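In the two complexes below, subunit A is the common chain; its partner is subunit B in one and subunit C in the other.
Up next, the complex of A and B:
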């Protein structure tokens, strides 16, 4: 055969596998397009009953009396649980992932509006809702704290009476009863000195406002206690099912092997479904009490106002630079509003997540950041909404601050970034705040982005439009937003990352059946990311087995190896790595079997896409399919039968995806309506497993970033009433408002990941929010508007016009 | 609660039941008929996850009582594939164009898209975006949903239109 024929024959074999790099259509969609998904609320068990909460109308109030007698008298009502019922079991409080405790049902006080006060269980969900209305609760309202800057006032009301004397908490000393922790990183003295010496400094309070992940499916579960066997099965919307199993075991005292946690199909998570919620605990208790399966399904109002808000970071951000724009230092202080309980979801040693990625993509010689977490009378959480822990907040602080600095220096924001980027030869790069960035080529990405949008031409057009505006010829202003983000994902190495003491590894178990078909299971859990499709692609390339012959299964803690779940873009960096490593173990054994079959030495074989062939004799080979069969009947002497492997992968480092985004926006100053004319997103997530899925993830992440930047918010009035806890008020863009996305990429593989992949699902959210906000700020910059806070809905931008006197 | 006797056709099959006045159509479909492909996302009529086809119109089944469906013809996601079990053009479009991720909005989105293409067999992108604006998707950013519907529109021009929804 000619060289060309050989190569095309090999290419054809590789293509058939639908492995790495293939735009493989999703396996999941066969069932989802036919309404055959299996979500929690689809479960229907014999004798199943329904739970519903009685919730507090007040943000802060003492509970004087709870009378459930009328509710209990309603036909169909089986039980009403209150804190008094849970207390003897030690279950009226549950531990949070952040080292705090959270009331499962309020005992003496309620601390935020819609807090859980009682749990009603009835034969039918309509009756449960009726009964919840019949539970009478008398409250004595108390003064509340909504503004986190007032939490630490000397005369502030004490919110958490349960821990008021505990001044040494999970993350060190507390300086006020409403203080949760102070966390700081960096060299304070050197940073202060750099600021004193600096030629130019900027300081801005940059607020990443409170919002909510709001997946389309709310949080829900079904708990079923088999009292004869002493076994509990808990189905739920769990992004981290194994962690839930361990937590349930620790707080219930049930042995972990008698708890079966199952996460079936999940209708989106975005961080909302990482934590443990009162609904889960009450359903479990209800099922134990009644001996019947209990289903709990949040409604949307409950979802938006109780389970896991995101952000609420108030970041006083400072940059120091030379007069020609070289960064010399960064200093940030954050007031972090965690709500009434610290139920922030982050690795245990990181109360402010990975906020110390806030030096971003820049070579900043010295930096210091500190975060004060405080309690307020708002819902609990602080979850990573489509981002790694507090990384959206960090990227927003640095990227907004870079634009503020550029404006002060009268420098172009792209030029300022290019001047300060970490250079390709500096990787692996040690940041001033303690991270080791694995790989990057920022200059190339930024240049490619600027060229793709015709950046200089856009600036020229903007200048013309500004002149025209000042001459009174148009009422429209144009903004060009630039952001360049570096994410930190794939938590994480056991040396610094754990959740409740469990190292944040992840896992894969692969079994090759005699016919060469494969089942593989991982410790992660897809919520729409398409794991069933992409993990199979990794195995297909590693083992030379067509992806269609590989079934991926996640979410059943009885069958899947232990893992820490899916959030923080960790699936590819951790379980994706485990998948490749486990597959390589199988290939190693397969090579020994092939050598036995071909009667040659192992070293005489080479891997060729889907087979081992004898070096120099390509016609002598055994395909993986042949080898799989042999693994069950024709083995080398003393070899264990079978062909399977498991790997628990402890990543040596995080991965650091990055990207360059540019947004062009036109704003009508009279209405405040902002229109995205163009949005270009260049992402570098290292090796690309499935470009179709990557692009889909980027579209989705950008849309969520657009929502957050342009209007999505969970607001409270001064009495702690949550405003906008329905889709009427909470901005979720429809197809009409959502811009068209342009995607692009560069590929800088991670040097420490087995296939060089970095993770991508959250990058567009992290990079997107500052890009939109920078576009808005850039539009108004020539009018000396100063820093304009997100979100940038029309009402707020109209107010900016008012403030600037543009509406005369 | 008083009960009402209703008779209707769901996915071409006659159904009779006694239902409470306040029972929502979406709960009737999901819990009494076990047609769980129709989802609930917001309880307030905003998200469209519960969209079904009733008497040749897209409706949000969380905004409709089961008694209001007495005598109606209803199509749900379970009834939209071809009779031989193969995917309809809209379903196929969603799969081929990666028009879904978590799958939760998908049944409602597909039902709405199929009805949209019967109302307007050759929609512009703008008309598609307006046409599905009652259906929220949290995952895709809509671009691939638009492409999926464009794919279906093109495919349906070559095949009889009725197949899309029946």
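Up next, the complex of A and C:
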């Protein structure tokens, strides 16, 4: 055979595997697109009953009396649970992931509107909803706190009476009954000195407003207690099923092996489905009390107004630089509004998540950041909405601040960024706030992005349009938004990441059957990310078995190995790594078996796509399929039969995906309506496992970023009434509003990840929000508008026009 | 999101439906497409004990011409309006408006009768009906009557309809051939009610505006026929100064709520902006 034929034969074999780099179609879509997914609400069990909540109409009120007698008298009602019923079981409060406790059902006070007050269980959903209306609750309304800047006022009402005297909490001392924690990183003194000496400084209050992840499937569960066996099965929309099992065991006292947690198909999570909610606890208690399965399904308004908001970070951001634009220091102080309970989902030692990634992609020699978490009369959460913990907030602060600085220096924002990027030779790079960035080539990415959109030309066009606007020839202004983000994902190394003491490793268990078919299980849980497709591709390349012959399973705690779940773009960096490592263990054993079969020494073999062949004798080989068969009947002496491996992967470091985004926007000054003309996204997530899935993730993440930047929010009025918690008001863009996304990439593999992959699902959200906001700010910059806060919905931009006197 | 209990009735004639509604009293409501009513029921903002479904009632669907009038059956869906050839020819503003209501799924079920009878200031058709000076034909156990769209609305969910009343059809005198029209709606996204919207019908003669009618959506607790603004436009050259005056006159009669669409002052101003844009588009479309 000629060299060429050999190579094309090898290429054909590789292609058949549909391994790394293949645009393999998502296997899960076969069922999703035909309505054959299997979601929690599809589950129907014999004798199943339904739970529904009675919720508080007030943001802050004392509960004077709860009378459930009328509700209990309604035919079909089986039970009405209140805090008084849960208290003897010690279940009226549950622990949060952030080291706080949260009321399962309000005991003597409600602390946010729609807080859970009673749980009605009835034969069907209709009766449950009717009965919930019949539960009478008397309240004495109290003064409430909506503005987080007022939480720590000396005369502020005390919200959390349950912990009012506990001045030392999970994250250290508290300075006020409404204070949760103060968290700081960096060298304060050196930073203050750098600011004193700085030639140029900027300071801006940059607000990343409160919003909600809003997955289309709301949170829900079915709890089924088998009293004979003493076993509890809990089906639910869980991004982290194993952690839920441990938490249920810890708070219920049921032994962990008698709890089965199953997360079936999940219709989107985006951080909403990491935590534990009152609905889960009440369903479990209900099932234990009644001995019947209890289903609880949140409706849309409950989802948007109670389970896990995101953001609400008020970031006073300062940069110091030399006169020619070299950054010398950064200082940030954050007021973090956590709502009524600290149910922020982050590694336990990180009350502000990884906010200290806020130095971004820049070589900033000195920095200091501090975060004060405070209670308000709002819903709980602070979850990572399609981002690693508080990384969207951090990226927003630095990327907005860079533009503010560029404007002050009269420098182009691309030029300012290029000047300050961490240089390729500085990797692994130690940031001033304590992270070790694994790899990056920022200059190349930024240059490629600028070239792709014709950046210079766009600036020229913008100049013309600005002149035309000033001459009164047009009512449209043009903005060019630039953002360059560095994410920190893949939590995380056991040296600093744990949840309730459990190190944040993840796992894979791979079993090759005699015919060469594979089943593999991971500790993560897809909510639409396509794990069944991509993990199989990793194994396909590592083992030379076609991806179609590999089945991936997640979500059942009885069968899957323990893992910490899927959020914070951690699946590929952790379970993806575990998958590659476990597969390599299998390949090692396969090599021994092949050597035995071919009667050569192991060292005489080399791996070739789907087979081991004898070096120099390519026609002497054994395919993985042959070896799999042999593993069950023709083994080397003394070798254990079978072909399987497990890996629990404790990552040595996080991974740091990055990207360069550019947005072109046109804004109608008279209405404040902004139109995205063009959006270009270059992502570098290291090794690309499935380019099509990556592109899908980028499209989805950008769409959510677009939503957040351009109008999506959870607002409260001054009385703590939550506004707009329905899809009539909450901005969820449809295909009509969504801009066209242009995607691009560079590849800078992670040096410490077994296949060099970094995780990508959340990058577009992190990089997108500042890009849209920078575009809006850039549009108005020539009119000296100052920093314009998100969200940029039409009326707010119209108000900017009013303020600037543009409407005549 | 779970409605209270109700009984369902399915009459087959207008008479039967009207009698049922009268008999069942205050707790009965006619049901058309259900895309306003059922949503309110799921939120338990409406808890009718009886629904009288009009979809089995004969003769409430379709579009026909009667003399100078176009007659549209109350149960004609928004989807049907969009695809009706006669309307496309004679009353294209209806199609333009219907296309901006909700989304295709809602338009397959939502009816024009339900849209005008509902009384929600967010509905788009009522202002268009006022702009066109439409009349609603109403049947009740006591007989039939006709009410002008301009007299029909008293407040949010408060209309001329009484217990036992059913809107059976809408009658519109078609504007002259070659008229200009536009429905300009500002909304945040597909499926959203208007932040503000303006409907304009005008005719041109020798380059000037001969006749004009303007109405506004969702900037008060009822649709607003902007009589003063209409007068300012009629007979004018539709120049900038006229548009300024007409917009100011329109803004002056608004009284919008502050909500998530924006504060009241913004929505009032948007009524003016929508009016200007509607007039300019109508003018460009009109044949002089």
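Everything below uses one rule, namely that the second predicted complex is superposed on the first by the 808 of 808 C-alpha atoms of A that agree within 3 Å, B and C clash if a C-alpha of one lies under 4 Å from a C-alpha of the other, contacts with A are read in each partner's own complex, and residues count from 1 in each chain.
FYI, a contact is a pair of C-beta atoms (placed from the backbone, for glycine too) under 8 Å apart; a residue touches a chain by one contact, two chains touch by 3 or more.
Computed from a predicted model, the values in this text were never measured in an experiment.
Of the two partner chains placed by superposition, only subunit B is touched by A:30; subunit C is not. When the shared chain is aligned, subunit B and subunit C each come close enough to touch A:300. More subunit A residues lie in contact with B than with the other chain of the pair subunit B and subunit C.
In the superposition on chain A, contact of A:393 is made with neither subunit B nor subunit C.
After overlaying the two complexes on the shared chain, residue contacts for A:807 are found with subunit C alone; subunit B is out of touch. Touch criterion met: A:126 reaches subunit B and subunit C at once.
Contacts of A:734 after superposition on the shared chain: both subunit B and subunit C are touched.
Looking at the shared chain after the overlay, A:610 reaches neither subunit B nor subunit C. Contacts of A:703 after superposition: subunit B is touched, whereas subunit C is not reached.
When the two complexes are laid over each other on chain A, subunit A has residues 125-126, 299-301, 728, 732, 734, 736 in contact with both subunit B and subunit C. Residue ranges of subunit A in contact with subunit B, taken from their complex: 25-26, 28-37, 39, 41-42, 44, 125-126, 214-218, 265-268, 270, 299-301, 527-530, 692-693, 695-697, 699-704, 726-728, 732, 734-736, 738, 740-741. Interface residues of subunit C facing subunit A in the complex, by the touch rule stated above, are 1-2, 4-5, 44, 103, 186, 188-193, 195, 260-263, 266, 269-270, 273.
Those residues of subunit A lying in contact with subunit C across their complex are 52, 125-126, 128-130, 133, 299-301, 670-671, 673, 711, 715, 723-724, 728-729, 731-734, 736-737, 793-795, 798-799, 807.
Per the touch definition, subunit B reaches subunit A in the complex via residues 20, 22-23, 27, 30-31, 34-44, 46-47, 49, 76-78, 81, 87, 91-92, 94-96, 98, 100-107, 110, 128-130, 132-146.
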